[in-house]
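I'd like to ask you about the structure that follows.
Residue numbering begins at 1 within each chain, and the chains themselves are lettered A, B and C in the order written.
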């Protein structure tokens, strides 16, 4: 048991050291996330409303929009980061070398998951204020719960994404197959994330609702991580 | 999960087959190896050499047949079996963004190598890379990477060493050095299985060899006076196989 | 087994229009509500199939028995096929009952998501290359894990979609036609599943024969 966590940490630390050196993945993923926010904002928001006009409905619409755009950006940039992380392991087939370590394969999954989470949480922490700024969203209304919803949702997405990206490393058409497989399964997580975030961003924050969505996200996280740990080993041994 | 060290002196491949749908990669392969031997798998590309090495490395499950390590199946022994196997793949398994030293340290830690620093220094020395230890591997030539990759595969003192085309891209000096290294490993009791199509380098190095073609393995005659070079014995085996 | 099931299914299905016709009209929706008698059984069969596929996939992942893989594949296909029926019959009903083809409520959304998960399973099988049997098994297991939310999502939040508590409280004049159609559609499901598994078995036997031929 300790062996699994120890090995996972060795793997994660290696990835984080590599990333800290070049920061290629961090910069590109972050920039992509911000581009997503802008693209979706331009696509969905109609021009500049005058400040006084009907603030109530504007606010309701904007809180939904802000939440949705935030989560779409997280999902898309997360998919990109997943693809890049495992593309690196594909060169020189180093994923096979990891699977040759004398420890349960689940350690490889955990190590990769930790690395991805560090990356995605970093992106979350930058994109969240940007969205708050663009949509005048009340980030301070319930900061703890807000961060909880974001973290739990990101974890759920990353848990399934890491599993699928690793599985697809040696498959054909893996670039396009990852979103095709990942998005339908991640939709419940994203849905809960959006609803929870929107409840907090609303003009009158509905914290009871938000907490319900948060609990649902935690439940998804438990189910997905557990399933991923069970299935990773069998799936990777051809 | 027990931490007891597992070891074996013999590897048996019994009637191993591997197919993907209608495509057959290995067909009823039988071979045995003992500690202190160098075995050769000879054949053209696509003959099944890499597949057989993957099966021996426990990375792939055969469609039929079994592989026994010291009489036991991989599933019986568990994850620690991999601690006794070292693999030098065709793609070398090195992280380009890490330095030579970091690569060795990383894999050494994963394999829980004792006295890691000393072992890494020894490995760098054996690969003659001590003065380039702090350079990133992405800047190395193929030959240098090959030397480093070999040491990486040996850093945990494996009982079974699997090499896929180890002589690719090596100059004469490196080839001789590699052959000497393999011989000293064999004398120390390691079982080495090497897939290659470089007959000249393998001649005189391998104790026994199999000719692989379309997934089938055929044992070559042992070396002896008047029997010819490895290449000639290989050709004879091919002729017999098609007869 | 298969012929017997097909005969049963055929008889039940042939009788179903008459049975449904005899049922009383539902108060608010008129004749359109009779889609209920087909929509619900197909939805139930679709949901059942996700569990069949998920469980078979788990068995395949652990034991690597080929027949488990065949069942997982057949069940996944049936999820998508029966899913199409559900996702077409539902909106037909919705258009008349609610005035719109679709609403974004949890049950409809989750049913569509289930459909997409298993459609993705099939795409992976088709385009993923060798080894995709094992990978798709993982997809199927996750699909099964998400499935309970389809059923319970209606009860967890107030939605436009009728509650699941409607079924147990039906008057017998409506319950009987429903169970008739359930029996019909489930026999059809079982028959289709067995036929499809049989096809996969034959395909595998053919491939084994090709390989044996080379020996």
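Criterion: a contact is a pair of C-beta atoms (placed from the backbone, for glycine too) under 8 Å apart; a residue touches a chain by one contact, two chains touch by 3 or more.
Keep in mind the model is a prediction, meaning the values are calculated, not measured.
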When A-C and B-C are ranked by contacting C-beta pairs, first place goes to A-C
Measuring between Cα centroids, what's the chain most distant from chain C? B
Return the distance between the CA-based centres of chain A and chain B, expressed in whole Å. 40
In whole angstrom, how far does the Cα centroid of chain A sit from the Cα centroid of chain C? 31
In whole angstrom, the CA-centroid distance of chain B from chain C equals 49
Where chain C touches two or more other chains at once, the residues are 131
By residue number and range, which residues of chain B touch two or more other chains? 61
Indicate the residues of chain A shared as contacts by at least two other chains. 238
Which positions of chain C touch chain B when the two form their complex? 64, 130-131, 207, 210-211, 214-215
What residues on chain B touch chain A, complex-wise? 1, 57-61, 79-83, 85, 87, 89, 91-98, 102, 106-107, 109-112
Interface with chain C, chain B side, in the complex: residues 19-22, 24, 27-28, 61
Any idea which chain A residues touch chain B in the complex? 1, 3, 7, 10-11, 14, 17-18, 21-22, 88, 91-94, 96-104, 237-238
Okay, in this complex, where on chain C does chain A touch? 61-62, 109-110, 113, 116-117, 120, 123-124, 127-129, 131-132, 134-135, 137-139, 141-143, 145-146, 149
